[in-house]
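Note that the chains take the letters A, B, C and D in the order they are written out, and that residue 1 is the start of every chain.
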Amino acid sequence: MSTTPPNSDRRYVITFGCPDRTGIVARIASFLAEVGGWIVEAAYHTDLDTGWFFTRQVVRADSIPFDVEELRARFAGVARSLGSESDWQVADTGEPRRVVILVSREGHCLYDLLGRVASGELDVDLRAVIGNHESLGDITRAHGIPFHHVPFPAGDPAGKVAAFARLRALVDEHDPHAVVLARFMQILPPELCAAWAGRAINIHHSFLPSFVGARPYHQAHARGVKLVGATCHYVTAELDAGPIIEQDVIRVDHGDTVADMVRKGRDIEKVTLARGLRWHLENRVLVHGNRTVVF
Amino acid sequence: MSTTPPNSDRRYVITFGCPDRTGIVARIASFLAEVGGWIVEAAYHTDLDTGWFFTRQVVRADSIPFDVEELRARFAGVARSLGSESDWQVADTGEPRRVVILVSREGHCLYDLLGRVASGELDVDLRAVIGNHESLGDITRAHGIPFHHVPFPAGDPAGKVAAFARLRALVDEHDPHAVVLARFMQILPPELCAAWAGRAINIHHSFLPSFVGARPYHQAHARGVKLVGATCHYVTAELDAGPIIEQDVIRVDHGDTVADMVRKGRDIEKVTLARGLRWHLENRVLVHGNRTVVF
Amino acid sequence: MSTTPPNSDRRYVITFGCPDRTGIVARIASFLAEVGGWIVEAAYHTDLDTGWFFTRQVVRADSIPFDVEELRARFAGVARSLGSESDWQVADTGEPRRVVILVSREGHCLYDLLGRVASGELDVDLRAVIGNHESLGDITRAHGIPFHHVPFPAGDPAGKVAAFARLRALVDEHDPHAVVLARFMQILPPELCAAWAGRAINIHHSFLPSFVGARPYHQAHARGVKLVGATCHYVTAELDAGPIIEQDVIRVDHGDTVADMVRKGRDIEKVTLARGLRWHLENRVLVHGNRTVVF
Amino acid sequence: MSTTPPNSDRRYVITFGCPDRTGIVARIASFLAEVGGWIVEAAYHTDLDTGWFFTRQVVRADSIPFDVEELRARFAGVARSLGSESDWQVADTGEPRRVVILVSREGHCLYDLLGRVASGELDVDLRAVIGNHESLGDITRAHGIPFHHVPFPAGDPAGKVAAFARLRALVDEHDPHAVVLARFMQILPPELCAAWAGRAINIHHSFLPSFVGARPYHQAHARGVKLVGATCHYVTAELDAGPIIEQDVIRVDHGDTVADMVRKGRDIEKVTLARGLRWHLENRVLVHGNRTVVF
């Protein structure tokens, strides 16, 4: 599905954070200039509340006279000199991005992602789809993607623990860059939230922080809101409270029943999830506390 | 400011609600047809949860061979025959719509409304602006509108009670169709909420129900949302929980400070309030429980 | 795929147009009331430029004591009495809505529609997908829908004429309620526009009337617009000039290449087409000259 | 109106363009680092079509140990070394931004800008408002701003030439950073377009390139579009064809008359103009051919 791009399209993506001070941009830019790095995209941000500096730099791989491991080794020195031991990453767009998708019965987000993968728009190595129902198995397999059915027995705590263990094993064997909860209706236990921290991406069908938890469209209808929304966010142990990557809304009116809201909301959910996932996989999303910088 | 329109532009606006059943449209339409009423706008809605029927009909005044009082008297019979003693109204666009605006220090909503009134876009009889600060007095008076300064002494409960009494007197002498809280930063006491029920319109600077109460942009910034919003709603005794008339949102990103959010949000607040107020004054908003039908 | 709904969900949808005058609503509503018709949705509009009146009424089928043919026969008399011989329709939601989709290579609209059909969101009888390329055959067949490949030979006028004849035959055998040009990149000849008038629905990848014709995203990029759009419209003989059903836009900026615009635009194209198609199939769209009324 | 900000808020804003190559970011960032410059905002862009590089850097004034003239002198050397003699600027936020506004009769954009100036949101030195009608004189003077009435006699070419000469004199005496055409309904002659190139900002009441020229809402209504828009752009000799700074749209439907479109459109026009003007005055807009980079 995903292949190494021609050399001229291959990029190294550097993301980096450290306490703000003068000279950071110069230090990084000079390092890149010295090795001949051709910057094709660069973004900076300083969080004024915390005095934290963020940057994302995209460099043409063919402008660097050594491989990505060497780049990482050298950049580690730059980062250390700026006071950052570990808050940085050098990604290589030549490495396929491995993705696993979790679903329940609602298929609109899965369909949407499968279509984007099939057309090449979303250039990922989609390793597996895992469902707690079987209903989305056929469409997944029609795309040549493995589908695993992991039932979550209602009212059976031990069965659920076992199901989560199996889910985890099925996911972790792929060491995915992203675990996408594409309307997966089970709440991840804290240990999975921890294991997949910064990689598990959920789409919640409301404009968070409104309407946390179950049946948000019912809540929205009861409150009489005039717009409904969707929120793509990283999963954390607190339900629907993780760092927000992207949100969008769509207009509703008094003529819309809950079912109409559900239908209209789907169109927002799927594009919001797809945008958030793309940005995550392009290393555009830097998490800082409970907020995100999206470059 | 507001004058009786030429006869051909004058309209009678009938709003009506009753338990749904067959024949309602026929009953009302036949009544209008029999007296020669020329309907220029008509809207219907049935709330499926409660089985309540709503309609709004706009009739050319010059098509009705008698005056509005006679129309009201006759329509009362129609309403009664459909099981509705009091859930109806016949408004006359020839009667100026009296409005009083309450403000604090933030002027963007007031400026916006004054501009709409001055240009004739908002065809109202703006009777007074009342501020708990003096700062918006000059611009109000420059428009030829009386401004009253009613200070609300902080930390002085008795003083506040007196201030609200004075506020109420200043408002009630105009018997306004709308009391507009245009970023008025005092919380109305329950008795004022009751006295102005269905007429007091507030603009809250968040996408309710998110970020109720004070400093919603600070709350929004802390949560890291990607859109901020504004909500125009009727005031009820529960803070920021009244029936929503209109909402809108605007995109923000990680580069936006709280001050930026405040600035961007203002553009949404003022247009959302202006839309909501216009719809209210055109009798387009029918309240049903805690929700609105906006025809 | 599509089944007759339970009786209580079945609806008769009356659409009607005539020169405006008093008494139309009363005439139609009284007719419905006399036969016991339970109106669940009603909308009215008068075009002030042309003095034309439009209405759409939705009636519970189980409230009418006879069948839809009898309703049509009786309503014909009502229509005639209001001066309308043919500008009306009585649709029965119990009759499946037959749809044929035309595609080329770009699959995002087709994927989107297939997903909506599979989930039951779009309740249609999808009879066939016809492509001038083979590339979307597999996904179509995976959904159990017949796919026909009709090549359009470039630079071969006679071959094109034959291809359009074959296309027409493949479509017309289903007598579809809608022929959907889901990014079908061939320009329909006038005789097909005429044959499918009011049924052929196109999605154009620009905010019409900007950027008519080929490569609209390239045109948009060259002009430096800050939003790109999509337009769902009825096909007429003049290219991209038919009555507009729905439009939407998405923000772009200087960082977006033409390829980025193409990608972002797809998300707008597919939802705009899906909304327009739904409204068409629900008989919500009334064409009047080159404009539409969308109830 | 505008005062020098406290030292810690004062910024130097560097904008710069040159042919893309490696080492540009390093060169500029190193220059700034060497003089102790504290970068608070930085943005980069490379136009792939033309191979042109753009950057905007915002530096704390109090981090630079010399004045802005010295900074300009030194930066000139940096620019020259990167192949750019003149495609750069160093702005000082401590220098008030002089603005002149041109109006006709429609006041919504002027009202909006006056309100933003009065509240301090738009921190400019508004030197004058010039109208070809007298009608907006009172509101202008109520804000303490000089108003000049320059009539443009219809059907009198010589009179128009004289009026434009007077207009030019009234504008040029202020050497403004921005000449804002806030619904000024006269078409600037080519020599004024040239004289004010890159400083004359217009708001056009359509989503350009649709509906160039007169009465765009009438054109929009006739075409039956479902959204109307507004475009803020630099004025060039070709009518409504200059580089676009910002655009926005608002939804309309079949129920909206031309007058309704005009009214709804105003809300978009005024906020779109205000955004575009703010970005221009903050040196966020870099013009490149007929397109803009908006940092």
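Quick note on the criterion: a residue touches a chain if its C-beta (ideal position, glycine included) is under 8 Å from a C-beta of that chain, and two chains touch if they have at least 3 such contacts.
A quick note: this is a predicted structure, and the numbers were derived from the prediction, not measured.
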Contacts shared by subunit A with subunit D include exactly B, C
If you average the CA coordinates per chain, which chain's centre is most distant from that of subunit C? D
Centre distance in Å when subunit B and subunit D are each reduced to the mean of their C-alpha atoms: 35
Nearest whole angstrom, what separates the Cα centre of subunit A from the Cα centre of subunit B? 42
Mind pulling the residue numbers of subunit B that touch at least two other chains? 41, 255
What topology does the chain touch graph have (line, ring, star, complete, other)? complete
Which residues of subunit A touch subunit C once you look at their complex with the stated criterion? 41, 106-108, 111-112, 114-116, 118-119, 121, 138-139, 142, 255, 263, 266-267, 271, 274
Contact residues on subunit C for subunit D in the complex? 45, 47-48, 207-211, 223-227, 229, 243-249, 253-255, 257, 290-294
Where on subunit A is subunit D touching in the complex? 22-23, 25-27, 29-30, 32-34, 36-44, 46, 63, 251
